[in-house]
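I've put the structures underneath this note.
Below, chain A partners chain B and then partners chain C, in two separate complexes.
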Partner chain A sequence: MNTTVAGISYRAVIGRRRIWLLLLLPLVLIGLAVLLRLVGSADEATAGTLLSTFAIGTMLPLTGLIAGTGVIGPEIDDGTIVHLLAKPIPRPVIALTKFLVAASLLAVFAALPTYVAAWLLVRNEENIAVGFGLGALVGGIAYAAVFLLLGTLTRHAVTIGLAYALVWEGLVGGLVPGARQFSVQQWANAIADRLSGSAFVGTDVTLGFAIPALIIVTVGALLWTGQRLRSFSVTGDE
Partner chain B sequence: MTAQAVPTPPATGPATVELRQVSRWYGNVVAVNDVTMTIGPGVTGLLGPNGAGKSTLLNMMAGFLAPSGGTLSLNGRPVWRNHDIYRLIGLVPEREAVYGFLTGWQFVLSSAKLHRLPDPVEAARRALATVEMEAAKDRRIETYSKGMRQRVKVAAAMVHDPQVLLLDEPFNGMDPRQRLHLMDLVKAMGAAGKTIVFSSHILEEVERVAGHIEVMVAGRHAASGDFREIRRRMTDRPHLFKVRSSDDRRLAAALIADASAGAVSLAGTGLEVQAVDFRRFTWLLPRVARDAGVRVWEVSPADEDLESVFSYLITRST
Partner chain C sequence: MSTGVIHDIGYRRYEGARLGRRHAFTALVVHSLRGAFGLGRTARSKIVPFLLVIVMLLPAVVAIAVMALAQQRSIGYSNYVTLMQPVVMIFLAAQSPYLVAPDLRFRVLPLYLSRPVTVPDYVGAKVVAMIAAVLLLIATPITVTFVGELLVNMPGPPRTGEYLGALATSVIYAVLLAALSLAIASFTPRRGLGVASVIAFYLLASGVSTVLAGVFASLTDRATAGWMLLINPFFLVDAVQVWLFGSEPAAPFPYPGGAGGPVALLGVLGWVALGLLALAARYRKAASA
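For the complex of A and B:
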């Protein structure tokens, strides 16, 4: 962890008006929760649906994409990353720092709003708020690592990340049960499902699979990012 | 950040960059072809036309590109995948982009902190003073002119007083005053025993600053020497002139009588003269014309662009 790298990364992602990108979906989520509460449909079933499809299914991957690729992608695109890399700092430390920045942003802009929305809907009934809050936190950590890696692998990280989140996790995952096993979103749902006692939250991914998968994906992506940065090349325009 | 152990200070001895048979290719395209050179203290100019492989070479020296073949080292240590080497290196990349949301002061200070200097504030202050950017240091970099950005990049690169400074086309886009100032700065650092390499496609620029010149053409190391040597090799070559006159045929006959004209041909639009001895030919032409009673309307060098000068150099070096 390097505080100077972290400081620059935070400013790059949330500086100026870019924070609104991260705030948009959490505000929609909380707004929906408030609305449901006001019209009196804040029951367990509605909460389960809203949290698993919108909070975990939409807000978490999209926010993850903004934060994960945002802490490194633009810097690689415009070449400013060289300022950080041409320093006597091990590159994996830079990768780790960027990851921690992205993960902390997701804790604030995804996990916390998920908890707040759940609490607004059903208070702490059946541990739903805690379950989804934790699920979003752990899923957010994995997304941070995966999308950070994606940001170092390709200039089209946002497009590919969107395709993964929407097509693979959303569409294919909805139709093909097997695909659900390989979906960060489903792993996050599995945690929410097991922690809350609600019958309205369901997933066919077991905790025994989800937890090792989350750890392997996160650690693996992080190590790979470190290696990518160690071999970071500037090819120039020639 | 504050309680960290102060790392060993950078070595203060002279630094040597050594390239041995270094090549770099991208697929079928060879960007740098079998370059061997040793660069020691003082200012070395890397001269060549655009696309000659200068940036590729500098990127390899800076550890931002792996050589496809050969070895590249700094004081005997490899540069590629060796983050420790940056204690010795300051890098000023060609790309203009810097963190626009930071002020000049924050940018240079961040560089000092990333180097874990014992007194980053003092180091940043000194570096900004060296490039005369104190007045604008509290403005965001995005408000800077191109020359100011360049200077703040130089300040960030030299904040740790590196033994080696690598600059990619550093004078591009600067106004004349800023250019002169940066040139003086680079010269002074070279005189102080730093090893400085900068790339440029402008001979005059390199001549002014560099004590030593390495010429790159089409990925190959075409020539090496001080500027007098390079200048001589560039002027001491057959020159091609286009001449238009009142009587081309008569002028052609008069010119070919002298040994300084190697070949004369009549083209539709005038004469093409291959001058073997540049100085004698330029002295000779007006006199011959006058004696022959021919009026010369136009004399223009047909191959004065850098590209053809360089390609001549490379055909001679092989």
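For the complex of A and C:
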């Protein structure tokens, strides 16, 4: 963990007007929760739908993509990463720092709003708020590691990450049950499902699979990112 | 006292034909359209657009196979685009920043403007190119399916009316999606952030619309649920298609009847106007900077 690197990374993602993109999604989620409360349909079923389709299904991967690739993508894009890599800081430390920055941003801009939205809808009923908050937090950590790795592997990280989140987790995961086993979104849902006692939260991924999978993916992606940065070469593209 | 001498080092004047503003406009349109599909760029930039075009064509191939082997019509023309929403969204997000971001980021706009091209020409060329790109993406599979239907020689008359309606609707889709995506992309000179902003807009719109429509439907307020569907730009255009061409609605709930169709058309026009105004404002600033 290097505080200077962390400061630069924070500025790259939420500096100037860029913070609005990260703020927009949680604000819409909380706005929806307030609206649902006002029209009087704040029950467990609505909370389950809103949180698993919108919070975990849309907001979490999108903020994960913005924060995960945002901490390293722009630097690679304009080549200023060489200044960072030329410093006597171990590359895995740089990778770890950037991962912690992305993960902390996701905790603030994805997990916290999920908890707040759930609390607005159903208070502490059946532990739904805690379950989804924790699911979003753990899922966000995994997304941060995966998308950070993707950012170091390719310049089209945002597009490829998007295709993964929309096509694999959304389209294929909706049709093929087996694909759901290998989806960060479903692992997060599994945690939410197990922690909350509500019947309206459902997933077909067991916790015994989801937790090891989350740990392996996060640690594996982090180690690979460190390794990748150690042998990083800056090449021109377009 | 100056002893400078001007040497004639052999620069030559250009004496060929000056092709003028219209030619520059066409060249910019063609260049941008090719770029949207990765043509004239590196091999790596061709992967994403070509993959998306192939994915868009898959249902058409399946539909033709089903028609040929089982003599059954599976996928309609009118709901093809709404069915393939995620793919179209990824194409818009991945390709629209390419059209506008690099020129803004490297501040080369003054170079374009030193030619006969004006700011409205530049923006117009980019919009026309994006419209053509989206139209190619969504009208090709529909046309391929139709040609397949004609060749397979299905029992009963061909669905020519539905096909022509869907083709006209693809133009509406292309204009709306191109104007909105370019406008959003032009506000972020960084490509990665542009991709994220464009997709965030479409995912937010479709997510909010799905959640609200679902909730109002569960409150048995189907009229409001229909209105909520129109938040999603794809269903907004589909509602126009249902009103103009009488096609089957593609959404899970019926669209609002009565004033719904005209309001949806006004909504489309409003979005397009908003997108173009935003582009104009953005480039007025960029050209002076």
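Observations on the model:
Please note the rule applied: the second predicted complex is superposed on the first by the 234 of 238 C-alpha atoms of A that agree within 3 Å, B and C clash if a C-alpha of one lies under 4 Å from a C-alpha of the other, contacts with A are read in each partner's own complex, and residues count from 1 in each chain.
The rule is short, and it goes like this: contacts are C-beta pairs under 8 Å (C-beta built on N, C-alpha and C of every residue); 3 or more make two chains touch, one makes a residue touch a chain.
This one's a predicted model, so the numbers in the text were calculated from it and none came from an experiment.
Judged by the touch definition given at the top, the superposed model places A:Gly170 against chain C, while chain B stays out of reach. In the superposed model, A:Ser231 lies in contact with chain B only, and not with chain C.
After superposition on the shared chain, chain A has more residues touched by C, the comparison being chain B against chain C. By the touch criterion defined above, A:Ile141 reaches neither chain B nor chain C.
With both structures placed on the common chain, the touch criterion links A:Leu150 to neither chain B nor chain C. Once the two complexes are laid over each other on the shared chain, residue contacts for A:Arg91 go to chain B alone; chain C is not touched. Overlap of the chain B and chain C contact sets on chain A: residues 237-238. Listing the residues of chain A that touch chain B in their complex gives 2-5, 7-8, 11-12, 15-16, 78-80, 82-91, 230-238. Chain A contributes residues 18, 21, 24-25, 28, 32, 35-36, 39, 41, 45-46, 49-50, 53-54, 57-59, 62, 65-66, 69-70, 73-74, 77, 155-160, 162-163, 166-167, 170-171, 237-238 to its touches with chain C in the complex. Residue ranges of chain B in contact with chain A, taken from their complex: 1, 7, 26, 31, 50-56, 59, 62-66, 81, 83-87, 89, 91, 93-95, 97-99, 101-102, 107, 110-111, 113-116, 156-157.
Of all residues in chain C, those touching chain A in their complex are 41-42, 44-45, 47-48, 55, 86-87, 89-90, 93-94, 102, 190-193, 195-197, 199-200, 203-204, 207-208, 210-212, 214-216, 218-219.
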